[in-house]
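Shared chain: subunit A. Partners: subunit B in the first complex, subunit C in the second.
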Partner chain A sequence: MSGKIFFLAMIVLLSFGSALSGNIRAVCSTADLAYFARVIGGDKLDIETIATPVSDLHYVEIRPSFILKLKKADIAFKVGLELDMWMDKLIDGSQNGRLKVVDCSKYIEPLEVPTFKADARYGDLHRFGNPHYWLTPANVEPITRAVIEALTELDPANESYYLNNRRVFLSELENGLDSLKPSVGEITGKEVIFYHNSWPYFASFGGIVSAGFIEPFPGIPPSPSHLAKLTQLIKSRKIKAIAMEPYFDRRIPDKLAADTGAKVIVLYPSIGGRRDGESYLEWLKGNVDALAEALK
Partner chain B sequence: MNAYITLLFWPFLACLVLVGVHVYFGLHVIKRGIIFVDLSLAQVAALGSTLAFFLGFELTGLTAYTFSLAFALGGGAVFTYTRWLENKVPQEAIIGIVYAVSTAMAILAVSHIPEGAEHVKYLLVGSLLTTSSAVVFKTAAVYAAVGLFHYFLRHEFLTLSFDDNRKFTKKRLWDFLFYATFGIVVTSSVKICGVLVVFAFLVVPSVFAAILTEKISLRLGLGWLYGIVCSALGLFASVVLDVPPGAAIVCVFGLCLPLAVIIFGRRTVFGYRRT
Partner chain C sequence: MRLCSLGLFLVFAISPAAGQTTLNPDISLVGDLRMFSHNDDTRADESERFNLVDPQMELVIGGYLNPYVRADATIAWEGQHAAEIEELYMTGLRGMPLGLNIRAGKYRLEFGKLNPVHPHAYSFIFQPLPHRLFFGEHGLNDMAVRINRIFPIGHIYTELSGAVLKGEAIRADEHEHEHENAGESEASPGIMARFAGAGALSEDGELAIGISGLTTEYDRVEDLRASVIGIDLKYKWKPTRYRSFQFEAEGLLSRRATPEEETVESLGGYAYFDYRFRQRFNVGAILEFAQEPGDNEHDSRRWSIFFGYAPIEETSLLRLVAGQTKPTEGESFWEATIQAVFSLGPHLPHNF
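Showing the complex of A and B:
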């Protein structure tokens, strides 16, 4: 029990600490947004993150500390496009009137926006397009634009500091992408089976062809006939890789692999999933390398 | 500490409202031996909103709510009718079948809707921590209406569940009214805190009270006491351990029960007549 009291006391002290430091208190729904906020906000920002880098971002169980974090926060960053709808619940639940909510999809041009009239039979989750937009470096510019815009509104005095951080980050990223080119070349044009439709942005970056999904529709478990079709497809097209997110059950991908000779690899949809503290570039390289290895 | 109080204020009030009506229904449910009726009706109600969703209505809209209510009433009608099979098969068997089939039907209905499974999961999990004042007031109003209805007609409802009701007239109508009002209650409570917590609110305090006393009014009072104390402890545990409140509440409800049985179970207390 004394451990718990100590823990609570630490929370109180830490929150006092940040209040005294005069820093902006930010809560980010995902590890990716926390990464971007940290890169731009630097030491002017105290950042809390809700979902872990290996959480399924479609569904996060609400804990009391999440709401307490938002109660004390000045600004909240969410992915938007109806991916992290639990964040909206948390924001409502925090009843924090002075909280600035930033939808980081603001300047994104989403892929896969339904062209037909968004019939409710297709659910409402993807009516604004695919929400996994941070998976291509091409979207780092619009994401950080939304972040910096909100930060300078809240803290205009430090505008040049934020702008400079962003400039440095974007140029480093650009240089890093050049060094990544040889590995990207190994995966370009190759066909891959994905578990869930999280990867269209990553596929567009790597030039990968997404040949099919284990889920017939996002969030729907495969039927036997769908799996039979996939087995057929993998065999006839000699597809070498089945890519899955870390939080899915391996049994179905493993069975497909055993039936076809393809290889199951885990791709991480969030920064920090493969290794704690990795940079955007390291995370991207990790996914590219894992795929290149399987496609050899 | 202030932040914790504001955080837990509305969730705790929601618990009070829920405990108030569920403990009462729990007395009936225990006595009738239809323990899993709430899971079954909740699933049928969820099937109703799922179907509305399938037909193109918003999952949280009024149409979906009407659908879920209508389905819950339909479920109530089924249970009313099948009570006549009671001497051939236990009512729990029918309740179980309705649960399994309506769950499976909901899975079929969403199997071609992207992220459909997520939507249905939300329906049955609830989210106690983000309960707003508006929801608490609305729910309290609905439950008060149900409560008054049962209070004014308590003679009929109590005779139906607790006494020898062989000579009772219009049994079927009263049975249906029981299941219908119960369906209304479960439809809104599951949306607030999920099936697991609703089950705990319904069954555990009533079991505790039934161990202690035979007197119905005393059972109600003891059940409420148990429910209120355990809800408060559960919410407190949820904050201290930083775990989901629903699961914490269910654990506290369950774990306090053996304690109570050890303390009181082997004694004759509160006028319990032992046979």
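Showing the complex of A and C:
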């Protein structure tokens, strides 16, 4: 009998153990949103992340272990703009009626919103605009505004704690951006070939000119004729850098580089992709420096 | 039963009374085109030549009725046959009592991991033999009311489901008993239950196991009962978007009472692996085995290899399946099938 009671107690403890800390349990679809939630929520939040910093956010598997994270959560943060649509399926599967879902694109002014009938002839085009909005510091304020709004609604007692964390973070970011200006100056006005159209926000921050894409349309692999045109373009404009995300196959960029003399560099679209525990500023500096080095 | 019906009516009909959405549901069309060749003498008019199959298609419509409930329908056309309702159901996703997930309607029940999957989403082409012999050509697809709840145990995902079903899917393959009142349903409502668990074995790999069972009086005129128990396992490893490995297996035991007042136990099972490489290619093999339900003296076996290629991305796919079948009666034969599948409509991520 005592064995049965012990067994039941263990199940209850395992099931609800994480709830005993009294913290808000948050699940973030991406490492970037987890970063923003962490800097604002501090030690009041227990954070789980679905996609890793080097995941392709367009293709995340619906796994039971992810559903489980959302089942136990109080709040879920997603990118929105139809990037992490898999998050909706995970949320639906979690059977968590008390889960607060926060779309962090809420206060973003998206770039590249189609002004035409966006259908599959244009590839995997996002109907509501380019969703890679966290890649410019200009959008950190609206992202964290959405985060703090949700946190204070859920936990009004700690509103001043969250507000202070955000104020400190935004202030440090602003100061850090000043120190980044010389590096940014080295990439401003330079042309770059990107693999996928993930970088318009980053390009707007750095003043980079996107000369073309390896994918002829978002999500569509290149044909030989498209690569021939790109080769011609790179040679004629003397473009020095081909930038790709860490999850793409290097073979095509490497072949283009071999044919043209351009350099292939990996830009990380998520915080923590280059190094565990890096800050937003360190992540941004890493990408700017990598690009500046390639463009020399 | 009346109380249950009233409860469901309240859940599904009264709660959305606040108003209708102005947005259209998601609509997708899945086309399935095939050609095949075989040397099966029992289909002599097709044997040893290339044959084109009449096109098949599914119209898939789904969307939220309100913040709590969604509705889904799949209408299927096969060749020259009239359209049929393959699935039509409502699912209460949130706001349900005790955090339950409630589904009502006709759909591919969650008996095992593979049965709910539409065949066009298989890595191979054909429905596994035990599903076909034990449940019929559309799998276990029946009118049902199902409740489901997730029970997290630490880092282990577990879920328990229970359903009351019409019982027609079990009756469908029972073609030996015809009664004077043919045309009327001979089956009594059945019950189904499933317990499943899953967990991450690594950052890239996940293992899921489950046990399912159902029982129904498949012939209420002669008071004959049929039961099926299944155990399933699935492992998927996906380290990058370009590469994945999947292994899935299911074993089934059918117990069926016969008019001769004996209970016949029949076994069935399948196992396959599927290796995806360079994102757009996959290759694998499947082994299948099933004894006839109610007649375990006869069995059917098949082995096949399959190859898939997505020319652009996931909206279109070419598959080649080749293998050998030993049918329940007759000689073994070879068969090769080429399938082209396309999906026109919203892209939806697939479940594990």
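In this text, the second predicted complex is superposed on the first by the 269 of 296 C-alpha atoms of A that agree within 3 Å, B and C clash if a C-alpha of one lies under 4 Å from a C-alpha of the other, contacts with A are read in each partner's own complex, and residues count from 1 in each chain.
FYI, contacts are C-beta pairs under 8 Å (C-beta built on N, C-alpha and C of every residue); 3 or more make two chains touch, one makes a residue touch a chain.
Predicted model, so just to flag it, every value in this text is computed and none were measured.
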Name the contact category of A:134: first (subunit B only), second (subunit C only), both, or neither.
-> neither
Thinking of the overlay built on chain A, is A:194 touched by subunit B (first), by subunit C (second), by both, or by neither?
-> neither
Subunit B versus subunit C as contact partner of A:249, first or second or both or neither = second
Mind working out whether A:283 is in touch with subunit B, subunit C, both or neither, as first, second, both or neither?
-> neither
Could you look at A:63 and tell me whether it touches subunit B, subunit C, both or neither (first, second, both, neither)?
-> both
Who does A:205 touch here: subunit B (first), subunit C (second), both, or neither?
-> neither
Classify the contacts of A:96 with the two partner chains as first (subunit B alone), second (subunit C alone), both, or neither.
-> second
Just subunit B (first), just subunit C (second), both, or neither: which does A:218 touch?
-> first
Can you list the residues of subunit A that touch subunit B in one structure and subunit C in the other?
-> 59, 61-65, 67-68, 71-72, 89, 92-93, 95, 120, 124, 219-221
Interface residues, subunit A side, partner subunit C - complex = 11, 14-15, 17, 52, 56, 59-65, 67-68, 71-72, 85-86, 89, 92-97, 120, 124, 219-221, 247, 249
Residue ranges of subunit B touching subunit A (in the complex, touch as defined) = 3-4, 6-8, 53-58, 110-119, 121, 127, 129-132, 238-245
Touching residues (chain side subunit C, partner subunit A) in the complex | 70, 93-96, 99-101, 148-157, 198-200, 203, 206, 208, 236, 238, 240-242, 278-280, 312-313, 315, 347-352
Would you tell me which residues of subunit A are touching subunit B in their complex?
-> 4, 8, 58-59, 61-65, 67-68, 71-72, 89-90, 92-93, 95, 119-126, 217-221, 223
